[in-house]
Amino acid sequence: MNLSVSLPGLKLKNPIMPASGCFGFGAEYSKFYDLNQLGAIIIKAATAEARYGNPTPRVAETSAGMLNAIGLQNPGVDNIIANELPALSVYDTPIIANVAGSTIEEYEMVAKAFKNTEQVEALELNISCPNVKEGGVQFGTDPYLASEVTKRVKAQSDVPLYVKLSPNVTNIVEIANAVAKAGADGLSMINTLTGMRIDLQTRKPIIANKIGGLSGPAIKPVAIRMIYQVKQQIDIPIIGMGGITCAEDVLEFLLAGANAVAVGTANFENPFICPEIIAELPEVLKKYGFSSVEDAIGKGHINE
Amino acid sequence: MNLSVSLPGLKLKNPIMPASGCFGFGAEYSKFYDLNQLGAIIIKAATAEARYGNPTPRVAETSAGMLNAIGLQNPGVDNIIANELPALSVYDTPIIANVAGSTIEEYEMVAKAFKNTEQVEALELNISCPNVKEGGVQFGTDPYLASEVTKRVKAQSDVPLYVKLSPNVTNIVEIANAVAKAGADGLSMINTLTGMRIDLQTRKPIIANKIGGLSGPAIKPVAIRMIYQVKQQIDIPIIGMGGITCAEDVLEFLLAGANAVAVGTANFENPFICPEIIAELPEVLKKYGFSSVEDAIGKGHINE
Amino acid sequence: MIRKANLTIVHHEKIAESTFLLHVLSEASTLDIKPGQFIHIKIGQDHSHVLRRPISIADVDHTNKIIKIIFKTVGEGTSYLSQQKVGGKIDALLPCGSSYPIDNLTMDHALLIGGGIGVPPLYYLAKQLVEKGVSVTTILGFQTASHVFFEQEFKALGDVYVATNDGSYGHSGFVTDVYHAVKPSFDYYFSCGPTPMLKGITTDLKEKQGYISLEERMGCGVGACFACVIPSVNGGYKKICQQGPVFDASEVILA
Amino acid sequence: MIRKANLTIVHHEKIAESTFLLHVLSEASTLDIKPGQFIHIKIGQDHSHVLRRPISIADVDHTNKIIKIIFKTVGEGTSYLSQQKVGGKIDALLPCGSSYPIDNLTMDHALLIGGGIGVPPLYYLAKQLVEKGVSVTTILGFQTASHVFFEQEFKALGDVYVATNDGSYGHSGFVTDVYHAVKPSFDYYFSCGPTPMLKGITTDLKEKQGYISLEERMGCGVGACFACVIPSVNGGYKKICQQGPVFDASEVILA
């Protein structure tokens, strides 16, 4: 069965890629399996300088999900290009770099730095990281700022730009529209919902940062809803994510309108999850009457 | 142990009440146990006229949660007062009526109708129901509309008004502030997140209404986060809800800043859940060093 | 009155493709259970499955307080059930819903029409009818030969016709095709199965009085959440979990 | 190299209050497992628990390919583990993390200091040290008498001192109190336990060279998510799951 998909700037053998922040820079999982099997790899967020992130605890489990507040820990974009990317050059798998920052200027610097690498075939613009300039308003929750940062980063880059949307908004279609008009080549959705757990013993939030991002199966219905709503209104390629754990979940995202998907939290439960899903996908597609991955994309919108 | 709590207009023997829409008008659960055990009862949403709600399927399960799109089915406020409330009059348990509508005028009518009953000791203003006037903007997601409907309903009523907030907003504190300033006596939070599931076989959303409200343990971290954030900024009593299944969950909500809690989805899994939680609560409070329910409220904010 | 029961699995058998028969032991008396009612089963030990699953009561052995259920594995809940072992426990609300009102009906001959997982409740019904001296003709429909179950059990109680959609066993086609071919005489009909089948039956038999049992995705299962409604001919909706699942065929409007 | 193993429980024993010892059978050779490493265990069959739980390796029987773990039930994950039965399966990543670097150290006498659920990894370490001809003195700290475990097992390998916080067994107070009272002589110390205990030990023994094993809430357990970091003396952070859990006491900064 044909699992390949084409997205702007990306020819993928299959639609499965590990999600940013859940796969490091690939090195750890390369010990478990051959990364050539993956459709693509989205690497951990890069910022202009090295960041040490938030204090610990940084993760906590919730019902069918988890909270994280890593805080963009990374060695800085130059370091990533010099020390992390070379190990990935042996694979015939596209690399998508996740671009983060506190200011538009920082986003621009990171995008520019990746321009000098052959390896990075697309950028994922992470506009849902907390603690940014502009009076604490997040780039991902204000359509104007979202549009501005998209435009400016797009201008610095020569590879396709996928803007990663935050689900913590009243109107996801409005934000999607803003970044689409600003020149985004695609969308990546969803990032984590914000949540909290309080430790009954210490009487404090478990996560040192207090608030963390909720991911895992718990958020899947929110992801499906948002992708469906955006697809209804806007014709733009979508990398879908949020709670995927099996090939059936992948098909549900394709039906909702995703062109490819990313798997995050599930890597922690099962380091082999990506190749396992890739192996199961043909059978699942066949079972539900699809002849290829492309055949399934958006089919949840047909019977209206 | 003293489980009682005082909220504006409500003296509760304990902080546990069934959530609106998950307990009908009490009749069904009165066959399982004595409703006198409950702190209060929040009855199903009332509208001015009878509503038949959405087509079926109206519910679907998700990981640690469920979607519902009942669509405010109810026999209309007059019918509720005439035929449903009398059965509840034998209990020494405060009734909180959930007030819904498509227009501000409808909300006003419903609130006014309840004014003529002795039994209803507080109103819960449900400003997160879809399909309303004003160009499709929901009352619960626009601070101005939220404030308007709060003011107007408050003026029609002589019992305390708890405004039930939607979590599907970019900034929950902004909405909470708006309704607090408009005269809300308390907040009730959270209503359901919106989500979707797509059936792989039929290729259509499972819920006939397509989008449904996500409830259950999956959303608890979002509820805790929102209550915590609101409590940090605004001094207003809160009835907390979202995914509660045990006495430990209740304590987590109290620590976050809830003064009392409502239990929704968990009634479906276990019809005895409310009395079971009430029975376990003293032991759990003791285990974590609290001498009463009031003693625990907001204590998650102390060690900052 | 509905109770929350902790049932013990005493027998577990695969009786057809993806189809399982479970016998569960009740601590309380089973005498209040009537044909057409269902049990509402909790899935798993924790809260990862928040909704119970409704399964019809296929038979009751009152002497030994044993309830029998038959189900097909179609998703996570029924798969979980199929993996439980003899000696294991099942948390269920029971007995739920309305029953086929046979105590209020006088008849000589009943026609039972069941399709797929709608077959089980008709077995308990058939047994009770036969006990009352009513003669029973049964038409059972399945997708394919490997899905057929309980043909012999129904045969012990009266005439039985089996149809399969693909013709791999018995008559080829739908239960309504069998009905038109056989034209059995009867006073009342009783049916349970997928909605399209019930729609076909109630249309074809609209001159006759009959009772049908409906399915819908359920929330509470006890009448409190309004998840499981069906439009009523008098306007408004009926709750399938409480006023049904068994309805007079003339009182509800099938989609 | 870390592998995903399907381990079979062959022994299950409660050895102290809320404390369980499990022996699990590995299909693969266990020869690569070193003292201080941990296994990362999946909880439950479905996806309701998305995070694995790290548990130290308490002992290994290489001949029979048996791995032993000891854990205390503190929450949902460890409760689930305690309810698994002999014959049941455990899905684990192993061996994870760094080990006490005893192959690179020359010594006559080692001091082992363990607190609560930090005691288990020291047992496998003690056995290996004794095998190498190193004499071992162990100080074990527990909250209260009912929590004490493995005192006899450590006694078979050298001198053992037990302290309980409430004085209900052995010395009264903390492991550091015992240390100051006994003043054992040693070349290197090896410790595992709650961070406050490690902080006390590394402060009191800062003139000595030692190795400590740290705990932190983990995401991936394999070094990919940056959840489990500890500040390093050279700036930046170290990942406890990958560069640890065992660190030279002088290379990390305890909170």
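In this document, chain identifiers A, B, C and D correspond to the written order of the chains, with residue numbering beginning at 1 in each.
Throughout what follows, a residue touches a chain if its C-beta (ideal position, glycine included) is under 8 Å from a C-beta of that chain, and two chains touch if they have at least 3 such contacts.
Because the structure is a prediction, the values reported are computed rather than measured.
**Student:** If we look at subunit B and subunit D, which chains touch each of them?
**Tutor:** A chain counts here if it touches both subunit B and subunit D, which gives A, C.
**Student:** Name whichever of C-D and A-D has more C-beta pairs touching across its two chains.
**Tutor:** Between the chain pairs A-D and C-D, A-D carries more contacts.
**Student:** Counting in whole Å, what is the centre-to-centre distance of subunit A and subunit B, each centre being its mean C-alpha position?
**Tutor:** Inter-chain centre distance comes to 34 Å.
**Student:** In whole angstrom, how far does the Cα centroid of subunit A sit from the Cα centroid of subunit D?
**Tutor:** Here the centre of subunit D sits 36 Å away from the centre of subunit A.
**Student:** Distance from the CA centroid of subunit C to that of subunit D, rounded to the nearest Å?
**Tutor:** Whole-Å distance between the two chain centres: 55.
**Student:** How many angstrom lie between the centres of subunit A and subunit C, each centre taken as the mean Cα position?
**Tutor:** 46
**Student:** What are the residues of subunit A that contact at least two other chains?
**Tutor:** As it turns out, subunit A has residues touching two or more other chains at 63-65, 216-217.
**Student:** By residue number and range, which residues of subunit C touch two or more other chains?
**Tutor:** 47-48
**Student:** Which label fits the chain touch graph of this model best, line, ring, star, complete or other?
**Tutor:** Here the contact pattern is complete, since every chain touches every other one.
**Student:** For the complex, give me every residue of subunit D touching subunit A.
**Tutor:** 1-2, 4, 42, 47-52, 77, 93, 216-231, 236-237, 242, 255
**Student:** So in the complex, the part of subunit A that touches subunit C is made up of which residues?
**Tutor:** 63-64
**Student:** Write out the stretch or stretches of subunit C touching subunit D in their complex.
**Tutor:** Within the complex, subunit C touches subunit D at residues 44, 46-48, 76.
**Student:** Inside the complex, what are the residues of subunit B that reach subunit C?
**Tutor:** Within the complex, subunit B contacts subunit C at residues 21-24, 27-29, 31-32, 44, 50, 52-53, 55-61, 63-66, 68, 70, 73, 206, 216-217, 245, 265-272.
**Student:** Mind listing the subunit B positions that touch subunit A in their complex?
**Tutor:** Touching subunit A from subunit B are residues 62-65, 67, 141, 168-171, 193-198, 200-205, 210-212, 214, 216-222, 224-225, 228-229, 243, 248, 251-252, 255-256, 288, 299-300, 302-303.
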